[in-house]
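You will see chain A twice below: alongside chain B first, and alongside chain C after that.
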Partner chain A sequence: MTMRGTSWRTAASALYAVLVYGFIFLPVVVLVLFSFQDGRFPIPPFEGFSLRWYEAVLADSRLMEALANSIVVAVGSSLVAVLLGFLAAYGLARFALPAKGVQRALLTAPLTVSYLIIGMGLLITFNFIGFPKSLLAAGIGHVVINLPLCFAIIYSQMGDHQANIEKAARDLGASEWQVITLVTAPMLWPALFAAFFLSMTFSWDEFIISFLLTRFDVTLPVEIWSLLRSGLNPKTNAVGSLVFGISAVLVVVLELVVLRKGRRA
Partner chain B sequence: MAARGQRFDLGPWGFVAPALLWTAAFFVAPFVVMAVVSLWERIGTDLVASWSFANYLKFFERGHFLEAMLNSLEVTVIVTVTSILLAYPFAWIIAEKVPPRLQRMALVLAILPFWTSYVVRSYSWLLVLANNGIINETLLSIGLIAEPLDLANSRTATVIGFVHFFVMLLTLTIYANLVQLSPNYRKAAADLGAGPLSTFWFVVLPLTLPGIMVGAFLTFVLCIGDYITPQVLGGNNELLMPQVIMLQIGRRADFPTASALAILLMIVVTIAYLGFARWIRLERA
Partner chain C sequence: MSATAVDVKNVTHRYEAFTALADVSLTVPTGSYTVFLGPSGSGKTTLLSVIGGFLVPQAGSVLINGADMTAVPPAKRPTTTVFQDYALFPHMTIGANVAFGLRMRGIGSKERMRRAHEMLELVGLKGSEAKRPHELSGGQRQRVALARALAVEPSVLLLDEPLGALDLKLRRQMQAELKAIQREVGTSFVHVTHDQEEAMAIGDTIVVMSHGRIEDMGTPERVYLKPATLFAAGFMGQSSFLKGKVRWRTGGRLDIETPVGRLPLPLNGSGADTGDDVVLSIRPEHFVVGAVEGAALSLGSATVEDMTFAGAHHLAVMRHETVDSFRPMVQMPQTGETTPGTTVALGVLPEDVVILKDDS
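So, the complex of A and B:
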């Protein structure tokens, strides 16, 4: 391969990468840029810089309520999903149980079913037993979609070296409960954190289950959905940019925490 | 354990039971309910347990249900193939051309818009593709077109919205696979006289096939079941399965028909899963 061939290839690679990055970032850039639009429409031309749409978002009590609801549902459902997933992973990784393959398959099965279908099944079932549409109903749905993920992540990290440490703790007189809380959970902290964090982001962003299972108190994506009916609107840009900003900060924090963890290990 | 067991002895089942019960109650049971209801009928405002396959027959008899399924399959296949073709070279460039120190950053950057809200992401594409959106305004101002192009509210818009999301997802899964490849394979191929192209075709590509397939399956499942993207970007010309299902639930509260359509959609996904299954495994590290 000649030098010229190499540099031509590098240039082509760079161009391709720039184009794909451009494609990936185009809608986000447009979203954020026109959230500062000093005008009534989030479309060209850009009429000047203004924070009025952010003020409108912060002054919108329905949006703020939905935001609070989303946080409650995300934190609550993720805690339950991590707890159930962790216990199941511990049970399946450490004990001789019958039909482990079937149990694993059952626990991860919801991963292969559309959220729409999971939400619909719950909607019909809750409808029959008279369980009202509510944030609790949506939270239950979110645990269903996140439990397989939490289980899979935590289960994949349960190595045999940890089992030996647990055994040592037991030999030294620790109860099963003490082993789990004082030995296993701290050892698996990165996996537990990753599972919790991923669940949070999925729940935070989930639309269709919340849409089907909530009525008066709704989550943020459902409230944003009703904003979309008003068409192109800089206020939607502003709330979208805020959500993106929060998520981006969380991702960077996670990246730093996990990366540091990785370097230390 | 035995001594304490008197007050706290569920044994190993105690650990697994909560998750199993949750899945049984809120995933398996609703699915059974749906399967049962799909054999009922909605007559007037009542659900009647008529125990027939009428709702399934409706799917094959009524053109628009079948059409929606075919639309969904077409869009999903187009999206999956396009996303792989776009994402593979991109992941390869990140894994091969970007200095190792910067790769993680390049990857985080590549999937950053992944974390915008799903609903907002479709809306953002509307901003880009609308008649008075950024693309049309740019093309108009440089005089390339005289009339705005009808980009939004079309199948093309739906596909673009989907591809945007899945390029990010596939870049992740394919990159993860590429960096796991030992450079020895390529060295061996080169030593044995293979050029860069045949090394790629006969060595690298087959070894990264699992990453591609896992990503492709995820794309297939998420794409065919998504309601938001076609609803926001697709316009009124054609409907996809999730939209048709939501119409049954929303406007008409016709749970039996909706259940039957959902189960048919699940069957399609299951068939796809069986096709992909040999590449997909969940294993303990």
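So, the complex of A and C:
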């Protein structure tokens, strides 16, 4: 009786788990599967395995250009967001500033604002000051969305113990600049790295801000969106799979380098 | 080099309503080992911060080697600090930690590695250059912190409760080593602690602090045997206190009325005068137990309430036969028949009694 009850419950749990993971991953699996479709339509039945759509993607100069743009925007905006987030965290953690709590709240507040609103706000502002739509404008948008995240991650890792270590460095003759570059930043290396890679993944996937703020040179998600307007074909699946693959690689690198290291220390 | 390493003049510092330092003045002679001793909140760590440059006092000045350093930042002072939590650089090797100060002074890498090697040898950690702080034990990290602070050859080395995090045995061992290292390098050491045994074992000079003031300052022997204040007598070692009043003073002698009777005493360095309220302080080992004869003054008799074995001797807490407020703490022999409940006669040699002003 109990045996049967238990196995029945186990089976139900297993089924539930399959449904949950299916719900999450089925779209991605279908996307990736039909990127290998040996036919003209990314819909069942699966007609055979082929890499021709990947060849088509790699041969498409516009897609390749957008890919390069996306990498430049992701790396550039993430570097700036990490740098600004680090300096803001250092300032707030180490100096007596007026209305500290308010300043911290203001820095993290954009996390709660939708990308659409941020994108529209930037579009209107840039229009007003005559700043042209460009990759730089999109990059600035990505700094706006990633700076609060970088700040929050880095600030959470700045403790009093580290403040004492910085004090020791000053005592031994280090200037403020030397304290930051030789002691504070290296000590926070895992947090800086985590902030950088998370920013990269967010910037890499981001569509709406890039869509609103770019014109001639666009990022990969915007270029994919243009492709989709002319209808589905396995090529869009192939490029989507590439975007997903690169995101997955970034997350795996983050896990291996930062989180493993944190566990060891 | 001037004979005075540190000269603190009338330093006062308040944190809102709390007075951390109240008009503190003191000098640290060059090449000496000075210990600031006091309970937490006594101002000893604040005073160390003022000397190290981490805190600019609201009033008063600090001279180091004769130069005014009151508002000079730590980096530009000839002082370095060994922090309580060691504050080693976790991302650097031990060698790089020790050489850090030399690097900040623009000394080439070959020379600084040579000096780091020397320093690590001095503190007994030869050959650990390539290790990282997390690979070392607490005691070893302590040594690295010491080597790092000494590597830049400061005029004054400041140690903020450096042995606080170590277990008792290691602490006693490190005390001896700190003292030996100080003798070897000849740098002036200023050491903060709340442990009176540590202070006595290590210091050339002990500065006893309480409530932001210096209560007493002198050699360990002097502060122990002739404490200047009631607080110093109570904080440095154990003491039994007996209140009294000076009936009269003639020449070098005092006649003091106490609950246990009139005691004729020599001045013993006290400034007490006719009519003053005083407290007599007697160390456990200064009581004469049993046969009170010769020069010893009788203090009446007392009953043993509790005995604690302290290895080399027993320590008895007693209840006086006639005076409830007098609870003598008396050192008794290592072996003997005395047990709780026994009543014994107590006495003391006149020159062993410390006469203190009653400021309670």
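Some notes on this structure:
Basically, the second predicted complex is superposed on the first by the 253 of 265 C-alpha atoms of A that agree within 3 Å, B and C clash if a C-alpha of one lies under 4 Å from a C-alpha of the other, contacts with A are read in each partner's own complex, and residues count from 1 in each chain.
Keep in mind that, in the parts below, contacts are C-beta pairs under 8 Å (C-beta built on N, C-alpha and C of every residue); 3 or more make two chains touch, one makes a residue touch a chain.
Remember, it's a predicted structure, so these values are computed and weren't measured experimentally.
When both complexes are superposed on chain A, chain B and chain C end up sitting side by side without clashing. Once the two complexes are laid over each other on the shared chain, residue contacts for A:Leu232 go to chain B alone; chain C is not touched. Contacts of A:Ser175 after superposition on the shared chain: both chain B and chain C are touched. In the superposition on chain A, contact of A:Trp189 is made with chain C only, not with chain B.
Once the two structures are superposed, chain B and chain C can be ranked by residues of chain A touched, with B on top. With both structures placed on the common chain, the touch criterion links A:Lys167 to chain C but leaves chain B unconnected. In the superposed model, A:Met158 makes contact with chain B only, not with chain C.
For the superposed model, the angle subtended at the Cα centre of chain A by chain B and chain C works out to 100 degrees in steps of 10.
In this overlay, which is a superposition and not a single complex, chain B and chain C have their closest Cα atoms 7 Å apart. Within chain A, the residues touched by chain B in the first complex and by chain C in the second are 175.
Taken in their complex, chain C has these residues touching chain A: 52-54, 73-76, 79-81, 83, 85, 87-92, 100-101, 104-105, 134, 148-149, 152. Across the interface of their complex, chain C is touched by residues 161, 164-165, 167-175, 178, 183, 186-187, 189, 265 of chain A. Contacts from chain A toward chain B in the complex involve residues 1, 10, 13-14, 16-17, 20-21, 23-28, 30-31, 34, 41-45, 83-85, 87-88, 90-97, 103-104, 106-110, 112-118, 120-125, 127-128, 140-141, 143-144, 147, 151-152, 155-159, 175-177, 201, 205, 207-208, 212, 220-221, 224-225, 228, 232, 236-237, 239-240, 243-244, 247-248, 250-252, 255, 259. Contacts from chain B toward chain A in the complex involve residues 1, 4, 8, 11-16, 18-20, 22-24, 26-31, 33-34, 37, 86, 89-90, 93-94, 97, 104, 108-110, 112-113, 115-121, 123-128, 130, 132-134, 137-138, 164, 167-168, 196, 221-222, 224-228, 232, 242, 245-246, 249, 255, 258-259, 262, 265-266, 269-270, 273, 282-285.
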